[in-house]
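The following pair of complexes shares a single chain, chain A, combined with chain B in the former and chain C in the latter.
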Partner chain A sequence: MKHAYDLSRDNVQFGDLGRRWGTIALAVGVLGTAAAAGLGFAAGDGGKRFFWAWLVAFAYFLAMGLGALVWVMIQHMTRSGWSVLLRRIAEGIAGALPMLALLFVPLLFGLGELYHWAHADAVAHDPLLAKKAAYLNVPFFVARWAIYFAVWCGTAWALSRASRAQDASGDPALTLRMQRVSYAMIVPFAVTLTFAAFDLLMSLDPHWFSSIFGVYYFAGAIWLFFAVMPVLVWRLQANGRLTGAITPDLYQEMGKLLFAFGVFWAYIAFSQFMLIWYANLPEETGWYLKRWNGGWPLVGLLLILGHFFAPFLLIMSRAAKRNLRILIPVALWAMLMQWLDFYYIAMPEYEPGSGRVPLSLLDLAAFLGVGGLFFWMVSRNLASAPLVPVDDPRLHESLVFEEGV
Partner chain B sequence: MADHSAPAAAAVPEVPVFWGYAAEFDSVTGVLHAAKECRDAGFTRWDVLTPFPVHGLNDAMGLRNTRLPWFVFGMGAIGFLTGNLMQWWMNAVDYRLIVSGKPFWSLPANIPVAFELTILFSALSAFFGMWVLNGLPRHYHPTLTSRRLKHATTDRFYVVVEAADPRFDRAKTREFLQSLGASHVEELED
Partner chain C sequence: MTTAVIDNTNDNPRARSPLVLGDTSLTRVTDLVCSVYERPATRGWYIAFGISASLTLLLFAMIGYLFARGIGVWGLNHPVGWAFDITNFVFWVGIGHAGTLISAILFLFRQKWRTSINRSAEAMTIFAVACAGIFPLIHIGRPWLAYWLFPYPNQMAMWPGFRSPLLWDVFAVSTYATVSLLFWYMGMVPDLATMRDRATTRPRQIAYGLLSLGWRGSNRHWLRFEKAYLLLAALATPLVLSVHSVVSFDFAVSVLPGWHTTIFPPYFVAGAIFSGFAMVLTLLIPVRQIFGLKDLITPKHLDNMTRIILATSLMVGYSYAIEFFIAWYSGNSFELFAFLNRSLGPYWWAYWIMVTCNVIVPQVFWFKFFRSNTTAIFITSLLVNVGMWFERFVIIVTSLHRDYLPSSWGMFKPTAVDLLTMLGSFGLFFTLFLLFIRFLPFVAMAEVKSVMPHVLHEAGPTALGDYWGDAPRDHRAPDKGAH
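This part shows the complex of A and B:
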């Protein structure tokens, strides 16, 4: 029988370290953004390449924030005890969604560079786009994103606020409130995520449609979060935070989720592909045809092997999930692969049909810019409260948690 | 009661054979401690009976992790190959048929069946592999002869040591089990 770990023996304050991380992240974010702007200006293409790089980076960190948010909601809805020690970290990531609302604004200036449907003259000459214009038009697009961010930021804020209030009061009624918020918001979350994925990435090819696309984005999003979580916890522990409370048993749980949702992603990605490949209807196959020439088949193959097979085989065994020398490299690799997945979704639409994989320093700069600013806010969130919901009524369950052998 | 008057059974009187000891413990901590001592004493043919899963018991007993996952992984891989091979034989060799303009032998079309067979082979091999490793099905076991050991399903914990263990000694092992704090040591007969 395992006795509860005494949390008072651990350092649960991010404090000074958090402010230091925040400063580094802010510096990276500002420099990355400046570099992206500079390179974008230097490219002399009216900012087109900049907006595409920014779009991929934005889609990536938005996925991270949404993955964290839905995970927190699921913990409340399922009344999970095992995960309480990890929940505050996810709340910190989800709590940085307002930063993404801010980082979304640059995209609004590039809608014409990104989306074919944003050109009135193109719509006028295209019967399909004319039919879709009631949905795919700039004012409605902006209005939808205002609603999406209101739903996401509001939910993250409500859950985080109640959780922090509980640190002071220990009031179990707050647990019930967080549960009710999660029940109420999970369906709006699913709907907004689905349409956000349609708007942001699927409408890059406005002729194409895939009803599973929202699930595809969701699969990548939550997988990305399950990759980020063990890496963050590992860095916190390396810096003397939560050293005793978070055990190999909890790493194994995180590893299981990373393993499982890698399979889920593959299942969804293949489901989308197979139906389109089998039916072979021209209005659907176009999307894959663009990814069927030039350098893109290689990227697709890398995704099959690197996004699915490699993590699947590497962290399948129990011992591997408990071994940070295996779990952490796989998680870092997963973070890279998820970026590649979004790149594979978005960038073939940059020069449709050319087959060129337009890798550029701009992609790196935009990634660092969006990511730095995002993690600046994550660090601030985490530094402003204990790293663990210290008075959660289920904290004990997390502290005694042992893997079922 | 059933009729036991069959001639053959009457001719051979049953002689109960001493089979081993069952030491009874009242608490989880007690049985965990006893399990560690038995492990360190070097017993090999012994077991622990508890009414519910006890965390840490595997370590206390010194049990290795099960080899079942390797078996399941191997069978899953065989299932995947079987699925592919079967469809290759059916579609590309035995009964060539063009389906919606695809090649006879076409990997994407095979994936769903190969995937399902991977799952099926893995699940069945996990289930029946567990039977084999546990020596199931087994309809009889000497621990079932003791009325007292029925408490292993409700409120008592038992360390069972077989007489067949090389380190077993009828007097010393009884003393040893009692020294571990057993509230009672039951003799089991086969």
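This part shows the complex of A and C:
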């Protein structure tokens, strides 16, 4: 039988490289934020465009963090062995959720620019909004987000802390503790993610509703994480980290997940669209009608082709998933497509019904601002511990892992 | 033969629990599984078969009566034009999903424990789909024209409505039945060859000889078998999601409050897997007891299945809650009325049976005491079956019985024919399952052998062992890992 790869032959310390990446990310984040603030100020619209750009960037990196967190929880709940080598990287991404709590604060100053329901006079003149006011109001919104971040950051922190403690002690009881934390937190996680998706994106059009929307956000979030993971691993290996331990077999596993959840996203997106199209009720179709004129149909078409068909066809075969020249470009493309998906969800509500796709440098600046600061924290997390859980009791299963077929 | 059951559900992260208990020689697996059909049928089997076969006769009698008299013998009337028939259809299609999940998705996830239960779960799938298929066929009013459901060129120049989800059902369910049947039969070929080789009577030799398609277990046979198995698993995986999604479209494409909501497709899929696993447990717990298969279908297997039941129960509970929240959040008073009426109106009892059985009772599986108590698992599985039947009844009947105009409101009362037809479908299901126990390999012998510890040790992860599962050994103590 195959013998486990000897991990001591690999460099598992992020160390100096991590500090260098962190510095670059911090610089990008600060410059991006400054540029976004400057451009937002220059737009002369009271910051409206800035807040919308920030919202899309925030929704994107929040999805990445939540995707990583739920993946770690699932690995513990299913007592997974093959994925141990990759888990620390996901813990590092999920561990940057507190940064997103900080980056959420700017949005609180723009609630009036983003959300129609945040205007008391609008609610007073709109019987539908008046009915929803018990849920859609500013104090409750802020309180909910405090709870969401407490659940997410607390879970990520508890899992990461136990995982790092195990590096020193190798205590299998810590594995059981992480398992218990994951079991305890999975229901709060599902509830908070769902309502966060309702609050952040669905309530941009406060008249519209879709009961699948939480699942839709989840599908995008976990898909985004499955795209980020191989890219990060690839960059780490290109810089001499984990060069021997992570084999094409593990890339194939990551590729399979990217493939499968691309299909899952398409299934969820199709379910929502088809049911609304078929029933043709004005209270629901309004949301799609705003995406039915001007430049938006092209964006929608690009999502169908680029978010679903292209990755589906390109990484279906075994050889493609094991070939980094195919897998990595597809993963990078997937990251772009998930951003476009959030753009498609949010931005038609910026000037509802105009049909204009308001692409702007601000979107790029906000993306770099939020992303840079987020990855600054990811780098710091990853640099402060080995890149793999070096004494996980199931590490050997990951080290001997081979694809059978 | 020792059947001492040890607890293999312990949670030691350093070692994987063994999946076969007791004496783990390969011959014993064959002997255990073959003894199920080689021993003469017991009196218990005959009694069970007698009851279920009588119920099957009852089913056909009811269908004959229905054909002779018309749909009016059911309790259907305005405004409830769909009730037991479609409830039973959705219920039985849902049951089938666990088999496909176990054989396809758990295979792709390399869950080796599936090997002990996949064969019987796949058989259950086929039989459940057979029961499900009956209901739409007998509901169409003029069943002798059932072939009109298929789009075929004809001199009437008439085509079915391609925009109707009922037609999508025809395609979804017939594809599902075909792929499931192929998957089940193909996976059985090596075991049928074992039965052929052990057969002592001429009819059995001929029958199993024909069924095993000349299987000799050569390298080339295995190579093709494994490729075909993987391909069929990949083809069956989307079916786990698509079939019940299409079933949910039957309701969700309408504009009816209580039916039209976007979460229906994944919600129905979760419910289908939930009910299917409950039925697998309902069937396997007595069978492993009666036929002495406790060393193959171990406490570990039951424990894993209860975890899946818990997970899918939470998904179903999530859907109930989100549906209710959105009914309020939509600000649509009809939508909210439909849900308040569902939970507090004249069918409140059905709604609360559903919530109790599907959401509240399965929460006991958070506790190891209940996950390891066979009686508790069995009772819970029965309750989940009841709850999931009621879920479909609640969705279908409560949404229909309050029409848009209060003058068109009404109630649905099942007739004796409704009830006896449903009972009869259970008879058909159990009859087929009892025949399966007597004539086909109940457990996938070849697959179980491939996940036994010494086979995995000798073959290593690149050989058969890895095909069926991951490489689970502790490299520091290779011999301790599995025992």
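Points to keep in mind about this one:
Assume the second predicted complex is superposed on the first by the 405 of 405 C-alpha atoms of A that agree within 3 Å, B and C clash if a C-alpha of one lies under 4 Å from a C-alpha of the other, contacts with A are read in each partner's own complex, and residues count from 1 in each chain.
Keep this in mind: a residue touches a chain if its C-beta (ideal position, glycine included) is under 8 Å from a C-beta of that chain, and two chains touch if they have at least 3 such contacts.
From a predicted model like this one, the values you see are computed outputs, not experimental measurements.
Residue contacts after overlaying the shared chain place A:V215 against chain C, while chain B stays out of touching range. Counted by residues of chain A touched, the larger count belongs to C, out of chain B and chain C. Touch criterion met: A:R79 reaches chain C, while chain B stays clear of it.
In the superposition on chain A, contact is made by A:S317 with chain B only, not with chain C.
In the overlay built on the shared chain, the residue A:Y278 is in contact with chain B and with chain C. Touch criterion not met for A:F309: it reaches neither chain B nor chain C.
In the superposed model, A:V187 makes contact with chain C only, not with chain B. Of the two partner chains placed around the shared chain by superposition, neither chain B nor chain C is touched by A:F140. By the document's definition of touching, of the two partners only chain C reaches A:E397; chain B does not. Chain A residues 1-2, 274, 278-280, 402, 404-405 lie at the interface with chain B in one structure and with chain C in the other.
Remark: chain A residues 1-4, 79, 81-82, 127-128, 131-132, 135, 172, 175-176, 179, 183, 186-187, 190-191, 194, 198, 207, 209-215, 263, 267-268, 271-272, 274-276, 278-281, 283, 393-394, 396-397, 399-405 touch chain C in the complex.
Only residues 28-29, 32, 53-56, 58, 65, 69, 73, 100-102, 108-109, 111-112 of chain B touch chain A when the two sit together in their complex. Residues of chain A that touch chain B in their complex: 1-2, 270, 273-274, 277-280, 316-319, 402, 404-405. Taken together, the chain C residues at the contact with chain A in this complex read 11-14, 16, 110, 226-227, 230, 238, 241, 245, 249, 252-255, 260-266, 314, 318-319, 322-323, 326, 329-332, 366, 457, 459-462, 466-468, 470-476.
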